[in-house]
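We call the chains A, B, C and D, going by the order they appear; numbering starts again at 1 in every chain.
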Amino acid sequence: MSEVKLIVLNGGSSSGKSGIVRCLQAVLAEPWLAFGVDSFVDALPAAMQASDAGIDFGPDGEVVVGPVFRQLEAAWTNGIVAMARGGANIIVDDVFLGGASSQRRWQDALGNLEVLWVGVRCSAEVAAGRELARGDRSVGMAALQADVVHEGVKYDVEVDSTHAEAIDCARTIAQYVS
Amino acid sequence: MSEVKLIVLNGGSSSGKSGIVRCLQAVLAEPWLAFGVDSFVDALPAAMQASDAGIDFGPDGEVVVGPVFRQLEAAWTNGIVAMARGGANIIVDDVFLGGASSQRRWQDALGNLEVLWVGVRCSAEVAAGRELARGDRSVGMAALQADVVHEGVKYDVEVDSTHAEAIDCARTIAQYVS
Amino acid sequence: MSEVKLIVLNGGSSSGKSGIVRCLQAVLAEPWLAFGVDSFVDALPAAMQASDAGIDFGPDGEVVVGPVFRQLEAAWTNGIVAMARGGANIIVDDVFLGGASSQRRWQDALGNLEVLWVGVRCSAEVAAGRELARGDRSVGMAALQADVVHEGVKYDVEVDSTHAEAIDCARTIAQYVS
Amino acid sequence: MSEVKLIVLNGGSSSGKSGIVRCLQAVLAEPWLAFGVDSFVDALPAAMQASDAGIDFGPDGEVVVGPVFRQLEAAWTNGIVAMARGGANIIVDDVFLGGASSQRRWQDALGNLEVLWVGVRCSAEVAAGRELARGDRSVGMAALQADVVHEGVKYDVEVDSTHAEAIDCARTIAQYVS
């Protein structure tokens, strides 16, 4: 494999992506910058964080994103790709609410940039328990997203955090990088 | 067992106490207030959070607490017990750096209040991995504290988060409450 | 004045209480523990943080607290007072949604404990602007609470953060302590 | 002025940049994404957040950044510019530790992109007080950075938060945007 400059992790809410990303940053020899859908949402105006045009979190864990969100997200995606082209190693964690079509959105922005696609699986039941343990997410998101985000998505490597620790998932992924 | 008003969880850093506490709050029928050594440290003046008289976190994960910390902690402990006596159900998570002597500190404050002592175990290796995944703790604390905090401590129930989810640990503990 | 062991600050949302508390902790010679209504709400089960029995934040900034909240809050208040009786210096920041009746709730718990009552004023307009600048509060709370929380409340000292910095308010208050 | 796509705010630590940014997002008609040096540092591996090669915060508030930090920062800067070129409106808050040379770093990345340069001033004394009130920054940073970050920097508009609220500073800046 030629040199990977961008690692994209996809998985449902509370599947353990953030922990795996931090472990990856710790085990990889070079420095990698970590961004993700959470940091993108934090960058939005507060008013868009609960609106039809932006992103809305329903009472049962459903997430609806609007046209303005999609437009800004496209620009953000291009920017992340530009960082990788500019010489930084980048890890992104995302939630492919649209499955294969979400992956295509990234692919369209990538050009010939070398990417490692990583699927982070976690059983709906275990993810729901971890959602409760975190206490800072709408209850229901984890179960709703556990399977749908992987539909039709192609990966270079998949990890399953249901029974594996974040650090072990990170070590598995790291083998595909250097 | 007569009615438990106070649950005290003891375990090392990154053993999963906070997640278990949040799950306990979710599975127990009545409302329980959750406090812990972290919220106590947050209540200290910022200057005491890195001082010989207060609490100091060393570069390799060691934690040193001074005389003023101990004095304020004793008053805090009494206050927590008073909340339980005043009718609130309370869950406390603590790190018994002094093992049995830390437990005695609580026992001296309890009088005849009914307490459930819970030990939260996690192997040093797995706790160290989770410490890395959290990214907000001094690296080394988890391994240093994993065993020493349990030395000589007596429990009503013990859970081990090495291979069990927080929600499952919480369900085990909840059986001892009602 | 005999020795103050408890300082109670009352003011509306975004009136600057937390910043004044941190400055007080920095300028007072002895160590003071800081608690407040925010740390109390954090101690509640997540499910009670948006419920009729607990506390509910409406879309326009209104706050409604239910009977279970009040019951737990009473136990918490007694615990805070017990910490002060036990020898710790305590600063509490609260939002007296019920004005004079909220103050009476504290007074009933105090017995003969020496307290310094501090009013933290801030014009509704300026508080609303700071609420926007924080970005983490329901928009509208600041303006709704700015005046009502002071109705009928008696203070030993009042500060106004509309045009004064937190550190200056803290210095004013500190003169009443030692 | 042609259409501004990027607003760059420069000011010392605790000068009030973040609050002004959130107010700007609220008062500007279109949605603007907000990024900054803080979100960049959050993206770094934890190990680089206290290292000679990364960024190091000294005991008296001094900040030292190393060669790897600079390299990743350059890639990040290019990515932010790419987001603006890709159609997103972007607000960035930065701390020009190198004064004019830090501004040049941005200028080199901008090409012909239309930028609004904003200076956020705050007296060293007031910024130091606010640093104490925040409680989450190394004490001393605010005073050390208050003046040096503006040395030789050219602005389109300057605001001074010493006596002005964040929302008023934001309204002043907003006049230069549309």
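Keep this in mind: contacts are C-beta pairs under 8 Å (C-beta built on N, C-alpha and C of every residue); 3 or more make two chains touch, one makes a residue touch a chain.
Fair warning: this is a prediction, and the values are worked out from it, not measured in the lab.
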item: Type of chain B:chain C copy interface by residue overlap (half), same or different; value: same
item: Furthest chain, CA centroid comparison against chain C; value: A
item: Separation of chain A from chain B, taking each centre as the mean of its C-alpha atoms, in whole Å; value: 32
item: Whole-Å gap between the CA centroids of chain A and chain D; value: 27
item: Between chain D and chain B, distance of the C-alpha-averaged centres to the nearest whole Å; value: 39
item: Interface hub residues of chain C, defined as touching at least two other chains; value: 22, 26, 46, 135
item: Residue numbers on chain B that touch chain A, as the complex places them; value: 16, 18-20, 22-23, 26, 126, 129-130, 132-135, 165-168
item: Touching residues on chain A, where the partner in the complex is chain D; value: 22, 25-26, 31-35, 39, 42-48, 53-54, 68, 71-72, 74-76, 78-88
